[in-house]
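Letters A, B and C name the chains as they come in the text, with residue numbers starting at 1 for each one.
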Amino acid sequence: MAGFFFSLLNYKTEKYVIAENKKIGILFRVYQVAVLAYVIGWVFVMRKGYQEKEEAIQSSVITKLKGVALTNSSDSGPRLWGAEDYVIPPNGEQVFFVVTNFVETPNQRLGLCAEVRVIPVWIKTGVCVNSTGTCEIQGWCPVGKSHRPPEPLLSGAENFTIYIKNFIRFPKFEFSKSNVLETSNDSYLKGCTYEKVEDPYCPIFRLGDLVDWTGNDFQEMAVKGGSVAILIEWNCDLDRDSSHCNPEYSFTRLDSNINNSITSGYNFRYARYYKDATGEDFRTLYKVYGIRFDIMINGRAGRFNIIPTVIAVGSGFALLGAGAFACDMILLYMMNTSSFYRERKFEIINFK
Amino acid sequence: MAGFFFSLLNYKTEKYVIAENKKIGILFRVYQVAVLAYVIGWVFVMRKGYQEKEEAIQSSVITKLKGVALTNSSDSGPRLWGAEDYVIPPNGEQVFFVVTNFVETPNQRLGLCAEVRVIPVWIKTGVCVNSTGTCEIQGWCPVGKSHRPPEPLLSGAENFTIYIKNFIRFPKFEFSKSNVLETSNDSYLKGCTYEKVEDPYCPIFRLGDLVDWTGNDFQEMAVKGGSVAILIEWNCDLDRDSSHCNPEYSFTRLDSNINNSITSGYNFRYARYYKDATGEDFRTLYKVYGIRFDIMINGRAGRFNIIPTVIAVGSGFALLGAGAFACDMILLYMMNTSSFYRERKFEIINFK
Amino acid sequence: MAGFFFSLLNYKTEKYVIAENKKIGILFRVYQVAVLAYVIGWVFVMRKGYQEKEEAIQSSVITKLKGVALTNSSDSGPRLWGAEDYVIPPNGEQVFFVVTNFVETPNQRLGLCAEVRVIPVWIKTGVCVNSTGTCEIQGWCPVGKSHRPPEPLLSGAENFTIYIKNFIRFPKFEFSKSNVLETSNDSYLKGCTYEKVEDPYCPIFRLGDLVDWTGNDFQEMAVKGGSVAILIEWNCDLDRDSSHCNPEYSFTRLDSNINNSITSGYNFRYARYYKDATGEDFRTLYKVYGIRFDIMINGRAGRFNIIPTVIAVGSGFALLGAGAFACDMILLYMMNTSSFYRERKFEIINFK
């Protein structure tokens, strides 16, 4: 027993045979170098395989729009649009809508009115009263006309600005950061406008620019509306200083297949309700066209961790073994010296 | 030194001993086949272990409801509900609420009124004025009565339809797609309704069907309200053509533990404010019951990548080594021919 | 050929040489024990490396606030705030805003009015009419004054409560759970308040406590507003019973860099529109200050799976091979007995 434990302290190692075959030797060395290059070059340097990755980013977004627009349509008279009117909802959410065009139907009252042809069939709740094809419908009268102004009424929306505050957190690494740099002073934030090259960390965006960057024309999109994604990407190498962990912005139009009229454009209806002196309800119906902004946050962080390092190194080593196996197969079965090699590589233990 | 570099070109390989022991031999072959079957069958074919995975899906959802309902309660008279009224918020969000039942308290004015018993204690801000147990409260009078109509007032909500547009993106692979198929023409989208087997890619859903598919009855759920999740699942194998990357829909009720009255049902209050001719405020309070729809997007994409392939293959190889180790242990310590085998497997180098 | 298949049943195993060198022997044993300790202790026990992980948690959040506050400012007279007024939006969303302070500008009408100095330049749409520096602006008059009350008007908001219902799902494991425990009875949920130690599973939170736990003073934050994250973390070991999978709550202030006045505080404007007897529009503008709550869900689940287990074990084994390689290098090249060892370890096959 003592002998057994004593023998544990001996170092056991594989006995090797050296095959003085230059072809196989070179082949195997080339393979070893390739595996080494893959492990060091690709896995470690390029893909940072020694890092534990976190992709489940947490984020909180606050938005604030600034700018006013004056509209003066023949129907509804002059009207001033502030952020409290053109941003829906007004409370600074991650997904919000900016009105750029609208159709107003004022003073609707519940009652019976003649059907207007452009209205889809689902509003028809009344019965047809004559044979001319027009029917009476019960609903809010007069029925909203659907003639969209050919030019955006809020064409000035191009100059509105969005201030985006994005707070992110990688819960696995307990790392958090904001896109508003700590170093930014007030005056910088009051004056700057985001620009990919010159001002990449300014969190204030001009609406016209945003649409431009998606490859669209603002005034054109403003007529029927549209849907724009503002992508904020955080690629953070947490082995470096946190000041290198910065957001990158990109911009895409989401309703882009123009040839499909159902999916392009963006509009919805809402109503403001009033009561007259007799207590009867009436309302103004707005059909608003505009741009829906969807701020999408995406991130990846990595930090050195022993487990992925071991897995990367270990699987590389195992791969070397696979190469040795292939070289052995060649030597053992595919060369004319195979039987000679086989005799030397293998030593037969004959259990009698 | 030249000899050293020269020797680098020799192929060094382990010397093997062949143990002519059929039991161990078969055991080890069976193990090898099992490992191979695991690596090829399970890791590669079933789990696509050669793919890099992306689970951090980005998505944007736009919803649009259609349908009208006419209510005629004794309290509030006839009323027509359009999408601008029954969808809250009306701007096409991912999480939205559809009114199916409501209690209206019109013409509330600020003042003092006698406490109504059904109102929870937290509204009581006044003082008790008599010993009968009723107290005076300061607030909006008359206090809203809480008698929920036993039948849903908007029972027609069953036939409303939701159009869901879901745009997704896998940032790691720079792949994006929409649930509205490019091939779909306008007329298809105007006429179709989602159906699991016949119309699995139509993005238009009937409300009644949605609730049915969660295993609930629409009219029953419409009374007290409820919370329904529409799950959209994208399982994409990006080694195949993108036309194989399609959404799968499923439907669950989220407030399902019926026996717990606090967690089932869904309602909230909102108010519409008016001013009378004298400039005094009054309001109509609505307590709305209805179905909250929560569209939850979930996705996974995979694409061939060398790193996970190497890790899968490498760890399989390493596992073979573990089997050889186990077989060796048996031969070395657990058989009566062990000492004989030991002598042959090990060659002692005696450092004098 | 038969001989070949027969020979497949022989067990081939590496031939070892035993180097009776205690130093290297001990070194290698220590290394083996270290690798074993790492694999078992760190990878398996601490990091649960035998589990497949899921980080893409799906979640649905419903919130409901309770409490009333009475304000009595000199400008706007007495007013009662219920949840339908102070929660924006009122429909129980995951991100919501609670009014704690406000400035009301009643009876604004469209027209021309003299510029008020405190209003930022972007509202100035009119022209300057005199040389005193004041300009006329076209807009809603009177212009909203920006004097924020120095004390929060809704100081009672401290005692409001939030009921949070969070439903989560790990799609890969088809596991779902809610933060409202199944075992909780109605009376418990009606009476409890969350408290880290005593009531960690009660889903009802007092607003004042929430702000306290972020290290801030409620009354102070209520003046200018702020942004608070409620983090719900689900760390679930699905190899154990699901009753061990419970949420953990934590609380952070998101707009915390106090020295940067632009990023701290939270407010926005909204308006209520009215029509007078002549049909002319007028409105009441509210600038509301308050606390934005952002409920952020984060989760990780793990369940035993063969693939990560094999990868963890396999890479550990491969690491052992790396240690043997290092020991060999020492024996082969760095000791005075090296040439002796080399002769024994390697057997030269001389292909003539």
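The rule we apply is simple: contacts are C-beta pairs under 8 Å (C-beta built on N, C-alpha and C of every residue); 3 or more make two chains touch, one makes a residue touch a chain.
From a predicted model like this one, the values you see are computed outputs, not experimental measurements.
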When chain A is superposed on chain C by its C-alpha atoms, the rotation angle in degrees, nearest 5: 120
Same-site or different-site touching of chain A by its copy chain B, using the half cut: different
Gap in Å, rounded to a whole number, between the CA centres of chain B and chain A: 18
Junction residues of chain C, two or more chains touched: 12, 14-21, 55-56, 89, 274, 277, 311, 314-315, 317-318, 321, 344-347
Residues on chain A engaged by chain C in the complex (per definition of touch): 7-21, 54-56, 58-60, 62, 64, 66-68, 70, 78-80, 82-85, 89-94, 107, 165, 167, 169, 171-172, 176, 178, 180, 182, 184-186, 189-190, 272, 274, 276-277, 306-307, 310-311, 313-315, 317-318, 321, 337, 340-341, 344-347
Footprint of chain A on chain C - complex, ascending: 12, 14-22, 24-29, 38, 42-43, 47, 49, 55-57, 88-89, 95, 97, 110, 120, 122-123, 125, 138-140, 227, 229, 231, 233, 252, 254-255, 257, 260-263, 266, 268-271, 273-275, 277, 279, 285, 292, 294, 296, 298, 300, 311-312, 314-319, 321-322, 324, 327-328, 331, 344-351
